[in-house]
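Scroll down for the structure; my scribbles are underneath it.
For clarity, chains are labelled A, B, C, D, E and F in written order, and residue numbers in each chain start from 1.
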Amino acid sequence: MLRRLFPHPYLTLTLIVLWFLLVNQIKVGSLVMAVFLGTILPHLTSAWWPDRPIIRRPLGLLAYTALVMWDVIVANFQVARIVLFMPKAKIRSAWVTIPLDLRSPEAISLLAGTITMTPGTVSSDMSACGKALLVHSLHAPDPDEVRDTIKARYEARLKRIFE
Amino acid sequence: MILTYALIFMLGCIGLALLLNLVRLFNAPTITDRILTLDTITVNAIALVVLYGVWSGTGLYLEAAVLLALTGFVGTVAYCKYILRGSIIE
Amino acid sequence: MNHWIIAPVVLPSLVGALMIITMRGDLLLQRVANVAAILALNAIALALLWSATTHGPEAYFLGDWPAPFGIALVLDRLSAMMVALLAVLALAVVLYAIGSGWDRKGAHFHPLLQFLLMGIAGAFLTGDAFNLFVFFEVLLIASYGLMIHGGGATRTRAGIQYVAFNLFGSSLFLIALALIYGVTGTLNMADLAAKLPDLPEGDTALLRVAAVMLIMVFAIKGALVPLQFWLPGTYANAPGVVAAMFAVMTKVGAYAALRFGTLVFPPDLPATGDLLSSLILPAGLVTLVVGAVGVLGATTLPRLVAFGGIASMGTAFVAIGAFTPQTTAAALYYMVHSTLATAILFLVADLVTRRRTHARLDDTAPPIAQAGLISALFLAGAVAMAGMPPLSGFIGKLLILDAFRAQTALVWSVVLGSSFLMILGYARAGSRLFWKASALEAQPEDPRADGLAFTATFGLLAALVALTVLAGPITDWMAETARTLHAPESYIAAARLGQEG
Amino acid sequence: MTQTFELAVELFLAAILVGGGIFALVGSYGLLRLPEPMQRLHAPTKATTIGVGAALLVSALDMLPQGGGISWQELLITIFLLLTAPITALFLAKTLLLRHEDPATLPETGTGHPWATLGEERPDP
Amino acid sequence: MEALVASAIGMFTAVGIYLILRLRTFPVILGLTFLSYGVNVFLFTAGRLATNRAPIIGTGEVYADPLPQALVLTAIVISFGMTAVVMMMAIGGHLEAGHDRVNMAAGDTDTAEDKA
Amino acid sequence: MSLALIAALPFLGALLPGLMIRAGRDACAAVTGSVTLLALVLLALNAPTVLAGDVVQTRIEWLPALGLNATFFLDGLGLLFAGMILGIGLLIIIYARFYLAKSDPMGQFYTYLMLFQGAMVGIVLSDNILLLLIFWELTSLSSFLLIGYWKHLPEGRQGARMALAVTGGGGLALIAGMLILGGIVGSYDLTVILDNKELIQASDWYLPALILILLGAFTKSAQFPFHFWLPHAMAAPTPVSAYLHSATMVKAGLFLMARLWPVLAGTPEWFWIVSTAGLITMVMAAKIAFFKDDLKALLAFSTVSHLGLITMLLGFGTKAAATVAVFHIINHATFKAALFMTAGIVDHEAHTRDLRRLGGLRHLMPITFGVALLASLSMAGIPPLNGFLSKELMLEEAAHTVWITPWAMGVLATIGALFSVAYSFRFLAHGFLGPVRDDYPHTPHDPGPGLWGAPAFLVVLVLLIGLFPMVTAAWLVDAAASAVTGEAVQSKITHWHGLEAAALWMSLAAVGGGLMALGAYPRLRALWDAAPRPEAKRIFDGVIEPLAALARGLTGLVHNGSFSRAVGVAVVAIAAASLWAFRGGDHLAGTRDLLPVEPVVLAVWFVMMVAALAAPFFHRDRVVALVLIGVVGLLIAPMFALLSAPDLALTQISVEVVTILLMLLALNFLPKVTPVESAPAHRLGHAAIAGVAGVGVGWLAWSMMIRAPAFDPISAFHLAQSKPGAGGTNAVNTIIVDFRGYDTFGEIIVLGIAALVIYALSETVLRSPSVTRRLATFVPEKEAGDRHPMMLVVSTRLLLPMAMMVGVYIYLRGHNMPGGGFVSGLVFAIAYLMQYMASGYVWSHARQRYDHHALIGWGVLIASLAGVGSWAFGAPFLTSAFEYVHLWPLEEFELATAVIFDLGVFLCVLGAILLALASLSRLALRTGESANTRAFDIDPSEGGR
């Protein structure tokens, strides 16, 4: 019953929070609306999200987000440096294959997104079996290091959160 | 006051960035570069709208930024999908 | 407030919407609904005609906002007449479409027809310049759908030209409206009429440009030279029954030109003066010639009829362009006549082409089934279009010639010379279609009954006959209508500018 | 709110704006400067996003010095951008892979399957 | 600012017309889109230009003219619908005829390529 | 009333043959004949009054404002003609019954004949010249049908068209002439006009009117130089020729000249034009007739000649001459109708009308010969037959008329008479005399009385009038001539005018000369054949065919199907007219303070301008063109935002992306590049046109912006009433959903219809076999291996509800803040599009719960009902209401009916866009692509978890 009412409870929660962000005010009316939309919209769209993803550690997700945010800001400066000052000839771009241990589509997507948002790397493709990511690194004198960092810093955490 | 100058600075940066985008738009070596430039222009436009909101002291233009973010994404994906598959909805 | 004024707009929109929601898969139901709705439209139109005749102009304030701030519809004799004409034509068209099975050849014929009616009626009734644009668009987009109804390479490609050219025209319309609002700050036509005499000197140039552009827009709709290029391809390639319905669409352009030329930019307005007539009148004459030459030179039957339509628009615009009560009265009569006559000929062309393998005139095809009836209809239609007696075309022509005592030589020689070309053209076409064919071996072909289609065509012919026989009272009525058009005080008063409620 | 706080906030916001402006510029400059198509992909998808992020942050907080509250809608926009930028980059990269990259320069997937973009279409079972 | 807007209107119009004068459907449709940009902005300028005076009651003392804005909204929507239709017709024409030429042969009969 | 009935009877009768033909040919003819007889009887009842010198009138108001009324009058002239038309008509009906073959559709024939008869009767009875015009043109029309009756004969069709062209064209001139005449007098009533001779002849418009009217009369009566059509009209069945070309139609021109004789004749212009034309026609046609081998052609040219004779007499302008003209009209009708019928009998029996193949018929068909003999002797002017009487009178008048020189007229008239004698005798000699031949196509015999009865009756008249003119004809001539001349005429017709009469000698010369000419026929014929002469048909064809070809060429040249031509011409015309209009008015200097420009705005402007300008240069690569248009469209949005139009910015952004998606979808089915097809000069010209348009429109915008509006804009009301009156603080939104909600109502319907049209077209296209073939061979370019990348699908799962939420937000706040149902609908649509893009059409659509059509329908319905609902409160369509509601524990909120209307907008927009895109996507399915059953292609969790 509850499952039918809230096909994606995390989505419902997210939407409620987002509604408050959107209306930018805390009122009873807003809450009523937020709950209403949080209930109705996942329903409306659940047909296109047939399976419910498993999140084992929701709080870990928050911590992961904070980590990524930090990485984003810090690493942006590195990219800025490369773009602005590094001589073109010295830029060592490289393709890196990231073999995946993750299996959940949501987790892999999150990993790929993380890779892209952390500067210097872009997730560019996935293997036709879904078990490897192709990452392009802007400046990677040592491609293996890139792969190891990603697997250790991000994938491992995501694995804990999702699987 | 200082905020105003900073605002002008950033607006100037965005303006300059747009001009750089324009250059890239025309000497783009690949179609991907053109799409990428369009995407960049969209993002710069979002910044512009947001900053204009700050400048004018109203929040009237934030929805425009929301929509730009949403539609910029959809548009860019559609262009790419076209390059990748020909049919964007298949 | 007389809610019936908006009925010609609301009724089709409701019926059209209901057709989409509930009758999408059921052609029979759509047919019944469409005929019923059009019958109702006829009744409403008749009532409105009666009301406009007995009570004079009456406004309908949408949303209860006073003019000029909201949108007002204005029912006057002219708008009532045009709506009635529309309703009559629509009835014939829908019956023909059902009888000939045209409505089966593609999706959504019936709702599109309803929306077309809505658009045209809205354009006739509105008293607001921008709203006129909106309803132009409604009628246009419905017409796009109807034009390409049934598909096929040539029709679709002709449709592209039609749509693209009209989009160009819509852009022009918007520029003109922008100028009008930008200069005057209002969009209500009665309000414009009230304000424009006081327009400051320094703004007249822009207003004149706006007036010219508006007229050009209407000229596109009315296929006035040099904006007529779209018409032959469009009408000749549209399904015959749709082309017949389109006969009234060109009149929307004529109507609008008449409305604006008498209400908003009357000849005595200092800013514009005789601007409109010095454009429309010569253009009308050239249009007439172009149409007549086209009739003589047409290579296919539908194109022949289409050029006949152009010629008739030329004639109508000649009469409209003079902007005197007498010429306007003649124009009104001629507009009604030519709508019916053009429609008849398009239906006849359809009756013919559906029975032949091709529509070319230079290439004889075997005799068609029911040639007798069809050739009689063709004769009647051609007689009407060429302005020969005894049908109303002749009366219309006489009225126009009689009204043009001032510019006799030019107008008369163009009108009569064009008639000559058209007589030649129709005679050639008719003799090739119906006489020459009889020299060939008749093909064993199933005689098509088409009862309803014939009924519809003959119905239109009957309307034409009525227009002829009752020419006296009708022209009296039209003379009075023309008088009120040229003395628009009652129209402006009906708009109750600035008065609440 | 004290004067100092206001000034501090203003200074902070000004710094954010200056930094954001520079990042925005860097993104567009990188798009112009970097020689290889894949390299160019890096600059704008991220640097420019940071620039917008800065603008959004300022917009969210700019009422603080005047005693206003925080505007939260900007956070929503940021979330939108964070959600969408990787997808944009992915698709752009895929177009480059398909059209401009020499498959020989790509590493193996290590799974025995090709990269999805370059592989054969897999018929749906 | 007025000069910028006016020149932009002029540019959109000119580009639009030039593209409309091309011989294939696609550029013609692009041209119509450009033309509608120009025209929509033109209509917008009928209310004259103003910055930071959005016609939201309560956000200021003086407001920009809201009426042309409303009219432009209508115009944008309509031109969108029209563009969609003509686009579909362009596809239909191309698929049926095998080419995407705009011009028809004199007399509206299909050109030789159509038959092929 | 009875006059109107006489005119109407034939028309009513025209309806009967079609109905009666099923009862048989006899019944059909009988009914037709009875109607004619009835009309004749009615006419006869009126005759005593007319002969007593009175005029019978009937008046029915038809179009009094124009002066066109169904007024009829009967005087002597009318009586004469009406009698002739109905009388000979009756004979023709009888004759035709026996003449027409079984295979000829007789009902049709009688219908046409009665139409024609009615038109003729109408002409001669009209008391209104506009009414006369109507009948006049009707004769052209109905004769067109009659001449072309044998549709399978090309000569029939061509002859009919020639006749219509000439007489119809003349009719048009007549219209102008009559209108001028009416204009001079101030009335179109004939009786009034006939009373205004001085007024008319003093008018400056007299000569134009005269020429135009004579053009009508001459063409109808086949006068030089319009004589050429008549012989070609002989392709008609002989009854038609007998009727139209002896007694009736061709006489309509004469009738008209006679009718207007009192007011038009008597001036030098009249004399010179009319008598000259008549004289030339008489002589020339008589000469031609002499050399014609076809019996009917001979008779036709003879008819032309006699018409010329009568015309000439009318042209003299004297009372005496006019009287003779009237007399000859009667005589000609009798003998010529008889002769035509005779020719028809010969044709019917011998299956040829060629004089070279005839001869000797006297022995084979004595009755026919007898009829022919009397009639042709009368035609030759041999005493005592009626033709002789009028010819003598004619010659006498001619002898006394001064035309260039005192004797010229007399000499030429005699020459005419000479040829008349010659061809009449040739008709007899070559047709009937001589030995019986054995090579007739068909051996002829006298037919039954059904065929010879009618001509025999006429010949009896020929004889009787000839013998007893004063008893049989003078009263009618007097009555008619009195009507023509407007004075009482008392004619004295005798056979002998004395030796001093010039006519006697002229006649003798004519007869002698005629016989000599016949004797010298072979030699004259050789001369004739050797002489080059213009062939009328070739000249006519030489004029009309090139005219038609020219028309075809011109039309093809002007309407050549070129779209760019159409637009180019339109742009130039609009620009020129606008410039002209602008220069005709005043535009004073600016009155407004202009806005300053910030550098960043300049940068945005620059990017926008350059991107737009680039489009013409880069447009051949269509994707690039789309990117450019994307840039321009995108940058317009911040410009709207900057210029205080947040609603426009929102709309522009969302419409733009949907447009781009649509175009990308479309481009998939279109060529990817535009080839170079126009020459550089062409492109330069187009650029010039475009440049003019751009500069013009830009200049207009500038001119408008620098000046304040001349009057206070009505939007002041909207701003003032937005909150108190419409219940919303967003004035743009209150205008859209309330003040001008009716516009929006139309607008959403446009959008809805657009989707319906797209759907209908996709249906049609999909059904087309050629399209199916083409789509099946659709080979895309190099393609990526995955269609639905997982990451896109996953992020869409989050973004879809988020976007919808934004859509709801924008919808709800629209009344007070930027937004509203329209943008909201677009946002929802974009959200769905995202879903469609991510997982494909089939997969996503299968999970779509709402039918797109229904969404549109409901949208329109809700918007309509929101409008109609106000009727319940007695308020007009779309009247809104709003109320602030306080509902614990909620804060106070507003309920507005405008929101319901906006819901209609929302649904319609959403449904329209989805339906349009679904239609396009269905095309893609036909390219042979398979449908996916899963949301994304690569599922790493497969077998992994």
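One rule holds in what follows: contacts are C-beta pairs under 8 Å (C-beta built on N, C-alpha and C of every residue); 3 or more make two chains touch, one makes a residue touch a chain.
What you see is a predicted model; the values in this text were computed from it and never measured.
Of all chains, the one whose mean C-alpha position sits at the greatest distance from that of chain D is F. Work out the mean CA point of chain B and of chain F, and you get 59 Å between them.
With centres set at the average Cα position, the gap from chain D to chain F is 68 Å.
As a whole-number value, the distance joining the C-alpha centres of chain B and chain E reads 22 Å.
Centroids built from CA atoms put chain F at 73 Å from chain A. Residues of chain D in contact with at least two other chains: 22, 29, 41, 45, 49, 71, 73, 76, 80, 83-84, 86-87, 90-91, 94, 96, 98-99, 114, 116-119, 122. Taken residue by residue, chain F touches two or more other chains at 556, 559, 561, 563, 567, 602, 626, 642, 646, 667, 697, 700, 704-705, 709, 713-715, 718, 740, 743, 747, 750, 753-754, 757, 761, 764-765, 768, 770, 783-787, 789, 791-792, 795, 798-799, 802, 806, 817-818, 920, 938, whereas all remaining positions touch fewer. Multi-chain contact residues of chain B (touching two or more other chains): 11-12, 14, 16, 18, 21, 31, 35, 37, 59-60, 66, 70, 72-73, 77, 81, 83-84.
Interchain contacts (touch definition given at top) occur between A-D, A-F, B-D, B-E, B-F, C-E, C-F, D-F, E-F. Residues 22-23, 26, 29-30, 33-36, 38-39, 41-43, 45-47, 49-50, 71-73, 75-76, 79, 82-83, 85-87, 89-90, 93-94, 96-97, 105-119, 122 of chain D are the ones touching chain A in the complex.
Note for the complex: chain B touches chain F at residues 11-12, 14-16, 18-19, 21-22, 25-26, 31, 34-35, 37-38, 41-42, 45, 48-49, 52, 60-61, 63-64, 66-68, 70-75, 77-79, 81-90. By the touch criterion stated above, chain F contacts chain E in their complex at residues 556-557, 559-564, 567-568, 571, 592, 594-597, 601-602, 605, 608-609, 612-613, 615-616, 619, 622, 625-626, 629, 632-633, 636, 639-640, 642-648, 651-652, 655, 658-659, 662-663, 666-667, 669-671, 674-675, 677-678, 686-687, 689-691, 693-702, 704-706, 708-709, 713-715, 718-719, 722-723, 729-732, 735-736, 740, 743-744, 747-748, 750-751, 753-755, 757-758, 761-762, 764-765, 768, 770-771, 774-775, 816-818, 822, 909, 912, 916, 919-920, 923.
Contacts from chain B toward chain D in the complex involve residues 2-3, 5-7, 9-14, 16-18, 20-21, 23-24, 29-33, 35-37, 39-40, 43-44, 46-47, 50-51, 53-54, 59, 62, 65-66, 69-70, 72-73, 76-77, 80-81, 83-84. Only residues 11, 14-15, 18-19, 22-23, 27-29, 32-33, 37, 41-42, 44-45, 47-50, 100, 102-106, 108-109, 112-113, 123, 126, 128-131, 163 of chain A touch chain F when the two sit together in their complex.
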